[in-house]
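Next, two complexes with subunit A in common: one pairs it with subunit B, the other with subunit C.
Right after this comes the complex of A and B.
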């Protein structure tokens, strides 16, 4: 048996190696947590669209710089209106996509002609900040096919959600992580 | 030297504590854990309709003379029958009232009604989501007509001497039936050869009423128009435009309900900025009955009907009340013995 002489590890080296290992474990563990399917009993935050009043708090109370809340669109519910009150401001000069006619402050809604007189509206999630202005317009005049949802590719699922605390209509609820969205359905 | 050093340290500590207390007070004052101070977004993010709500006082020529509770949790539709008796459909029932709002009984239904019409003989035609059911004057169901299509959603029934007109919002068509339920012909379906553009029905509202000129008035909410059809299905007249001002129809899809006054003028009801107004048969605005300041802002659709004395009756689904409007200058006109079936 060869005589193996163990060299003492310097304290600084040990600390460096330990920090590296901790970082690797943290990154790996975090990635695994994000990728792995949620346990059946786990619950996540979501907005109940039947209670949401589109007050705008979702845009500003999220701990993220860009809110985890975005507008989504239920195409089966949509009327495909030429004069969409979620797209156009309440008194548009004309039904064109000129900025003065358009409701969304960030230009996050895309309008596409389908056939006379129908138009399709889709949300550009990169631009949507979850202010809910289009939701108000759609709900006031139309079918409420535009509504807000917390996007779970962004939501951190804080133990105490700061938007939920600031929600005046108590629309934030905990839902099973296995079904994290409350999609609207045509009744 | 020592004393001055001790004083400086104490002063510095005091300043730090003072600054910390001020910072804490400011933080508590600015903290808004319940969101009651609003979203802190700029005015560009506010959905503002207050400039569209006011109506010129000169245009408001009706006054609310009475309002009574429907005693229904979800009132949906309104009709006027013989002797101006009022019928309100909702929940799973029809509630009946005298012209002055005194409850006069109710009838249970097997399902949730969506609309109704009552003839001068007391026969009720009730839209039940996808089909029509017929009840005799005693309230006994005598017939249930088959749905017209797979997507049928009946939103208006009108009893006329020639038969029964049914507006089917789901199939985007108006149907003329014989009184026995036999389909006579569809009216208003898209037909470029007859210059009929077709109904655009973004939300479940399609209404019809018989005009005094013999033309059937039908709403085309997605095109912001009221159209007039002969009973043969010819489009004779169309008027209306999308406008945020009171001269036009606001929002995505209006008007949602209509009725016809004894002089032939058309009463229109809009959702969103809830407005009931009276237009001449050719569409020119005559006056406003009530605007959003009176009726509110929502997308529920306020059904309207007219009685033989020209009173405009509005079903308010939020307050669950029937509101009766009369011309502001007129009060207490005599009761009529004849009925009408608008709405």
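Right after this comes the complex of A and C.
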């Protein structure tokens, strides 16, 4: 090496200058990123209901002890069926709310008589664990008015969503944080 | 029908429902007046606000400042241990290891690669702040702020020296990991670093079997080998190592003149202490020759790396969901496999054409071809740069901490007799001051 004999001070000085330059570049670049809004905004995880196959992974793969995913009900799409396949077992003994007839493992779906022959089904969000059993039943035989969504008051918005990594149908997508839900609608 | 419009409405609903990918098998009833449709109660659920993220950023700033002071100003190993435990408790067990600067690399890359993704302010702060601190004060972040570093520092009970050549070879792995993680994020495959974070499972008290085994074995190895994840895997550590070469102030083993007592020689469990160069330097011509050879080999290494990377493109592409789906659908259509998978069922349910899928997969494959070639070239460059560093001989008169490898843990301070002398004098001065105060 040619600079064996050079004293360390000039090199250190050069290194300091380089450090300062790199630092300025780093701060400048970072600031440019933050100041100039290149993209529409932050994104959050959500389930695309059109791709969801209600496999049940959402209940178990979330890093939260109680999954951030819950079932929601699009009432305008609901048929208010008496024999609701999202509410009852495939072969219920009786069309009553007795536990052995009911699909939901936590009893989170509340069945209420409206008028003959219609029944209203609402979901108690505190009890729902996002297992998707009702979603499967409703999608297979009914109007598909029950579906799963990540609740953003619970979702931690992990970089690599654990459920998304385990999702068999690639139903997890990143959506703009300004519109964090993919609601099912009757258009 | 009670309402003649019901048929029409039902028809519209059925048609539109089909268009939206959902079928209305049972027409919604038309209720007698008095019943109003309930509103889906989560309609108003807002997105979680990001106050916590800003608190995390403030804690990060405070911890970095404290670590820098303890490592360079106070020179206190005990202080660093306490701060490390605090960071482990807060960033690790309380905040569940998320968000961390190591993973924030991927957010930055995604913001560059995907024009639809805006970098969250917290992620930007977590990525930039430790780098800036390292630029000025060395790797104080690794010393006592990073929860992954802290958990490994705690378990390190009986350090064994890793042979120099092995440490250098394994030291290349973080760069490969960094390159691979950047590639996979840029291509939209996965967040590799978060997915294979070995300790986040411990922080959350929940992990798959594979990651539990991975994390536990790293901790067991970490009892004997200092910080195996930090030194031989951590991609952020690779960045910090590069930046810390330029650092303004850095860890000095001795507070004053090195007296060459060699007491600190074996004190570093991370092999970061460089010894003074021998009295009789090796033949200059030989050194020059080695340097010239390495410089000539460098382009060859880069080319070989690029070729190897290109050859690995299919393997990397397989991490992408579109590629896997296209392969599966193709196999099913060709009749080479029996049955369907959840993925292919979901794809067919969307009604999109397979040609579009194959087209999309082709574009992804082309992206991976370029990406893996660049990744391979990068790995070749890193190997070449390491060889260059070996062939460059610098003259050293002191026992120094290698800025790239030193994580500022402060273990070596107490080995230095000059430091012990300094502390003794400091204590005496303090005692005298106290006596003085007492008599006054």
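Everything below uses one rule, namely that the second predicted complex is superposed on the first by the 146 of 187 C-alpha atoms of A that agree within 3 Å, B and C clash if a C-alpha of one lies under 4 Å from a C-alpha of the other, contacts with A are read in each partner's own complex, and residues count from 1 in each chain.
The rule is short, and it goes like this: a contact is a pair of C-beta atoms (placed from the backbone, for glycine too) under 8 Å apart; a residue touches a chain by one contact, two chains touch by 3 or more.
Model, not experiment: these values are computed from the prediction.
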Partner chain in contact with A:144 - subunit B first, subunit C second, else both or neither: both
First (subunit B), second (subunit C), both or neither touched by A:82: first
Partner chain in contact with A:168 - subunit B first, subunit C second, else both or neither: both
Contacts of A:13 with subunit B and subunit C, given as first, second, both or neither: neither
Which of subunit B and subunit C A:157 touches, first, second, both or neither: second
Partner touching more residues of subunit A, whether subunit B or subunit C: C
Which of subunit B and subunit C A:107 touches, first, second, both or neither: neither
Partner chain(s) touched by A:136 [first = subunit B, second = subunit C, both, neither]: first
First, second, both or neither for A:56, with subunit B first and subunit C second: first
Touching partner for A:23 - first (subunit B), second (subunit C), both, neither: second
Subunit B and subunit C footprints on subunit A, overlapping residues: 55, 78-81, 118, 141-144, 165, 168
Subunit A partner contacts - residues on subunit C that touch it in the complex: 13, 16-17, 19-29, 31-32, 35, 37-43, 45-48, 96, 98-99, 103, 106-107, 111, 114-121, 124, 127-128, 131-132, 135-136, 190-191, 194-195, 204, 206, 243, 245-248, 281, 284, 287-288, 291, 321, 325, 341-343, 345-347, 349-350, 392-395
Subunit C-facing residues of subunit A, complex: 1, 4, 15-16, 18-19, 22-23, 26-27, 30, 33-34, 37-44, 49-51, 53, 55, 63, 65, 70, 72-81, 114-115, 118, 120, 122, 125, 141-144, 149, 151-160, 165, 168-171, 174, 177, 180-181, 183-187
In the complex, subunit B residues that touch subunit A: 32-36, 38-41, 44-49, 51-52, 200-203, 222-224, 242, 244-245, 250-253, 271-272, 297-299
Subunit A to subunit B touching residues, read off their complex: 54-57, 59-61, 78-85, 90-92, 95, 103, 105, 117-118, 131, 133, 136-137, 139-144, 165-168
